[in-house]
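First, the structure itself, so that you have it in front of you.
Chain IDs A, B, C, D, E and F follow the sequence of writing; residue 1 opens each chain.
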Amino acid sequence: MERVVIKLTGKVFSVENVKTLAELADVILKYRGSGVKIAVVVGGGETARKYISMASEAGVSLGWQDILGIGASRLNAMLLSAMLGDHAYYPVPTRIEDFIHAWNLDKIAVGGGLQPGQSTNAVAASLAELLNVELLINATTVDGVYDKDPKIEPNASVLRELTIRDLRKVLTQSYVPGRYELLDPVALSIIERARLQVVFINAFKPYMLKSVLSGERVYGSWVRPE
Amino acid sequence: MERVVIKLTGKVFSVENVKTLAELADVILKYRGSGVKIAVVVGGGETARKYISMASEAGVSLGWQDILGIGASRLNAMLLSAMLGDHAYYPVPTRIEDFIHAWNLDKIAVGGGLQPGQSTNAVAASLAELLNVELLINATTVDGVYDKDPKIEPNASVLRELTIRDLRKVLTQSYVPGRYELLDPVALSIIERARLQVVFINAFKPYMLKSVLSGERVYGSWVRPE
Amino acid sequence: MERVVIKLTGKVFSVENVKTLAELADVILKYRGSGVKIAVVVGGGETARKYISMASEAGVSLGWQDILGIGASRLNAMLLSAMLGDHAYYPVPTRIEDFIHAWNLDKIAVGGGLQPGQSTNAVAASLAELLNVELLINATTVDGVYDKDPKIEPNASVLRELTIRDLRKVLTQSYVPGRYELLDPVALSIIERARLQVVFINAFKPYMLKSVLSGERVYGSWVRPE
Amino acid sequence: MERVVIKLTGKVFSVENVKTLAELADVILKYRGSGVKIAVVVGGGETARKYISMASEAGVSLGWQDILGIGASRLNAMLLSAMLGDHAYYPVPTRIEDFIHAWNLDKIAVGGGLQPGQSTNAVAASLAELLNVELLINATTVDGVYDKDPKIEPNASVLRELTIRDLRKVLTQSYVPGRYELLDPVALSIIERARLQVVFINAFKPYMLKSVLSGERVYGSWVRPE
Amino acid sequence: MERVVIKLTGKVFSVENVKTLAELADVILKYRGSGVKIAVVVGGGETARKYISMASEAGVSLGWQDILGIGASRLNAMLLSAMLGDHAYYPVPTRIEDFIHAWNLDKIAVGGGLQPGQSTNAVAASLAELLNVELLINATTVDGVYDKDPKIEPNASVLRELTIRDLRKVLTQSYVPGRYELLDPVALSIIERARLQVVFINAFKPYMLKSVLSGERVYGSWVRPE
Amino acid sequence: MERVVIKLTGKVFSVENVKTLAELADVILKYRGSGVKIAVVVGGGETARKYISMASEAGVSLGWQDILGIGASRLNAMLLSAMLGDHAYYPVPTRIEDFIHAWNLDKIAVGGGLQPGQSTNAVAASLAELLNVELLINATTVDGVYDKDPKIEPNASVLRELTIRDLRKVLTQSYVPGRYELLDPVALSIIERARLQVVFINAFKPYMLKSVLSGERVYGSWVRPE
């Protein structure tokens, strides 16, 4: 791999999972050191949920709740940046232009959300398009895209190779709507139009990230354009 | 009206239509003067199309083409800002935060697009939600939302009152996809979740804007939440 | 009161206390509405502690831990800003200059920490000096400055009036070091050199803030310069 | 060549000339790749003229017309930046400090105008002085500095070598004032005081730029300090 | 007067003249208070000369010497801003856009130079054009424009009324070049094209500023467009 | 040495000492060239004193006087940056984040103060902690830390090696308070908590800086953590 964007679930930014996060940081540093250009978009995780819930209780609009979620994702990005030391782009990017700026300067930008009404998945997809990367790595809470909902069906199995059209089918048809959201429609559209290659891996298994960055196709669900 | 966001089609930013633009600026200033808080989001129009076409010919990605379209919309915003004189927020906002900043300072922010993969309609809807406005005015190239495609059906007529659900039906079912895009799905979703009131008017008939800002419901298609 | 800086404990930014926070926001809006100029500095609270603890576990330096605490305090500031609507200065100030900027534009700036190695109390004191306010309101977790440590001595009572010299004595001599820190030495020095008037109140009793903003001296510990 | 500033005419930013522009981008990338430090200042071209004309018709002052021309030149700069990919400094510089910043970080800054009442030629000259370059390349619409006005005199020929004093004479004496402006007086003064070497070439003949960047003196008019 | 730009000589920013500066600040505040919109551009004065001289001795280019002079003028602007308290726009504007921003927000912007190779007089003239002011007040070290060089001719007298054409004649013909520079050619050109009214007064006689701001024409040299 | 922060006394920024400053710039460039990462914090020196004195005479608060001192230190930083050419980070950092940004991009950031009520020594210490440097070089007006006050005691001698505890003793006990301030308490606390190694050298003897950067321990007072 030479150019990748990583979307990292916000769920890894918690006291319980900080060791996992540190391992992920080490993997990123290792491959950065061997010449891979990397940008990272992180989710808001439990901090986002907390602030959104406070805002909601205080009667603040959904748009502002999004803004607070973005703020939380940026705080997560600060933490990961701190772990990356000299290799991080700092301060945390707050506009898509900042990500491009960082990329061109060969630093690892770690950012969060950018706009209300736009998911961090959409940010990552947009970035992957703009930076013309080989691979968008979606590090989430499960091992990949399942053929059935793994929470309900015991025999659900990870789809190892699928086309973007397959992915769209899985996302829109197989599951209870709103329950299992690997990707929102906006992110999906950008991935389609940019003909991006995407892999879904489990963020809680850092060896998967290592494997993907080393160019292997051993883990995860690999989605190719058609 | 006390608080409105105006989405203004980029088509009005052309040498032929500059007098219309100046009339629109006068209407905005007049109602600002009588206490209406106003934010404006403008499209990229022919300048956007020109730069996107140049970028496309030079092999630049769709994401970067979006960025050039955003740049063009901001140039349009500069022109309208210049016409608004002391009442404009300047420089032109480039982040959603800048729009909020301007609004809270009681100046008229005129901006364009913000992010690749996001329409200026989505920006306007998001802003309307964040600024908690009474009305989102969509000043476009036609007199409102038609019951049939006015380019094909001679007896198409403007729908004067409709619910957001009606609007969704019209947008998704009636017309050839991609031909008649008053609103993209993202903008529509924000309008729905924020329960915004929207009116579609013709930007080329500035008396329509005047009428709407004065609180009348004489012109345009009025969309209400359910 | 015409010009005040409020230092608000970060402890009020939690799911349990969000109603208290909303009440404080209402009080601030009410007095802003009647012409009081207000700037607010908020602490990092439990979110700061969480991120500092994660950073510490990941081996990040104390300086960077401070930066994460600052980030958390800014997230708190975003939440309170969202509650203040049009009256807030947005985006959240990140430099002392931004606070001055907001103040001169007559908006309520709500910010957090600014620099590693500097407390939010020191920020608030510095701001109070620069903005030449009448009163620095320190809204903390207790009813005021006690003559003895209220956690140990059952008969500790709030000192209603004290000089800055008395305050220094209480802070430096009476308590176990590091246990009961109403003010750090830097904040105290700024308060002394600027001859600021300070009142300590309980943030969890919003009527105290109301009382102080209305010009009463019924609640809290009032500290006067000598 | 090791350090150059290129002033590129805005006329090349048009649908008809986009292939030429792409060739120029390739030349710039090629020499950047072999170690030449490059900064580029582009003119506003036909987009500038269009917006200035709209602004003029709407009664906007000459100062604001300049600002719109600057906006147009920056849109041109965005397009060229997009073509330069990872090597570009992004976002487009809007202050002289941004150009210096980009230069020191070894990226190709492509910018436009900076201030009303100041030509892009003056910006390029000022930049060439600040960055202490070997050569200011003025890529314009003609092959160089002519001894007579080529539009009137059929036997006008390009002056291959001239001193800055010669250039001043040509610019101020030979032609109808205002008709043939290779350089304005401010740009000329900076070139003189900084004792810059300048070459005028034809932007529409990209091999000229290639030749100059490779260190040849085969094409263009070469102006040396005295 | 309702809208004015003041160009203030940097010579008043010295330990000896600080009382004069404070008086000027009081005059500005007084008229701001009664509704006059004011922007101020200050020169670099003795601090600029000092840093330019140090830079020169260290072999730094003339362009960078200009930048240091600009830095010094901004330090002067900070001092005057501090004196203006809540009425100042802060932080000090560093781009022409910042001045416009401040003006539209009804605060007094006090800035210095903006670009190498551009005088603070040119900044003031450009600003006066963009802000569409009634009067550009040039507060310098002498009582106005003299008919002869007052340093040489004992019977030189202040010209009370002159046209811009007269001014151009006086500036270009009467004096030893470089000795007596009230206005550089760029500033003069902007004043001409924008048809600005200008008055030259003595900054060291604050009653002159007071008189001019109150609408009197008792002091100074008044220059009118033709 | 591989990573150092240099605190440089503002006293070296004067017409008399500009040659010394140029020599220091040469030393910094030389070691930067051989791979040492360097950040520099400069004091305000005589310019700071001048503006503080003007502000004081004009009745401006101590907080604003600090801001003017910070402005002066930044002007000094501009001068040194200009001397460092392409290797400098420009524009001058004004937030701690800018210093980190510059460091990660491998440029020499030269900045001044950041906040009222915070010394440039505290900025340097905080930076040294955040950048995780090997050594904080304090280049001051004397050869190191003396065992007695060298202005009073003729036989005072430089302490060559001391612990941070020794340093605290020397700073707090030996001298007349306020007379001899090598380090303020905030700077000292950061140095302690970060367990930084510090060396005090004489800025007016550039060979001392050279010696220290080359890894020698021949000159200065070396302070080690305990």
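We take it that a contact is a pair of C-beta atoms (placed from the backbone, for glycine too) under 8 Å apart; a residue touches a chain by one contact, two chains touch by 3 or more.
This is a predicted model, so every value here is computed, not measured.
Asks: Of the pairs A-D and A-C, which shows more C-beta pairs in contact?
Replies: A-C
Asks: For B-E, which listed pair, C-F, B-D or C-E, repeats its interface with over half of the contact pairs the same?
Replies: Checked against B-E: the matching pair is C-E.
Asks: As a quick test, compute the distance in whole Å between the mean CA positions of subunit B and subunit C.
Replies: The computed centroid separation for subunit B versus subunit C comes out at 42 Å.
Asks: Based only on mean CA positions, could you tell me how far subunit E sits from subunit F in angstrom?
Replies: Comparing mean C-alpha positions, subunit F is 36 Å from subunit E.
Asks: Where in subunit B do residues touch two or more other chains at once?
Replies: 64, 67, 105, 132
Asks: Quick one: in the complex, what on subunit C touches subunit F?
Replies: Interface residues on the subunit C side: 61-64, 67, 94-96, 114-118, 122, 125-126, 129-130, 132, 185-186, 189-190, 193-194.
Asks: Of all residues in subunit D, which touch subunit F in the complex?
Replies: 97, 100-101, 103-105, 132
Asks: Looking at the complex, which residues from subunit C come into contact with subunit B?
Replies: Interface residues on subunit C, with respect to subunit B: 85-91, 105, 107.
Asks: Over in the complex, which subunit F residues touch subunit E? Could you list them?
Replies: Residues in contact with subunit E: 13-15, 18-19, 21-22, 25, 47, 50-51, 53-55, 57-60, 64, 67-68, 71-72, 74-75, 78-79, 82-83.
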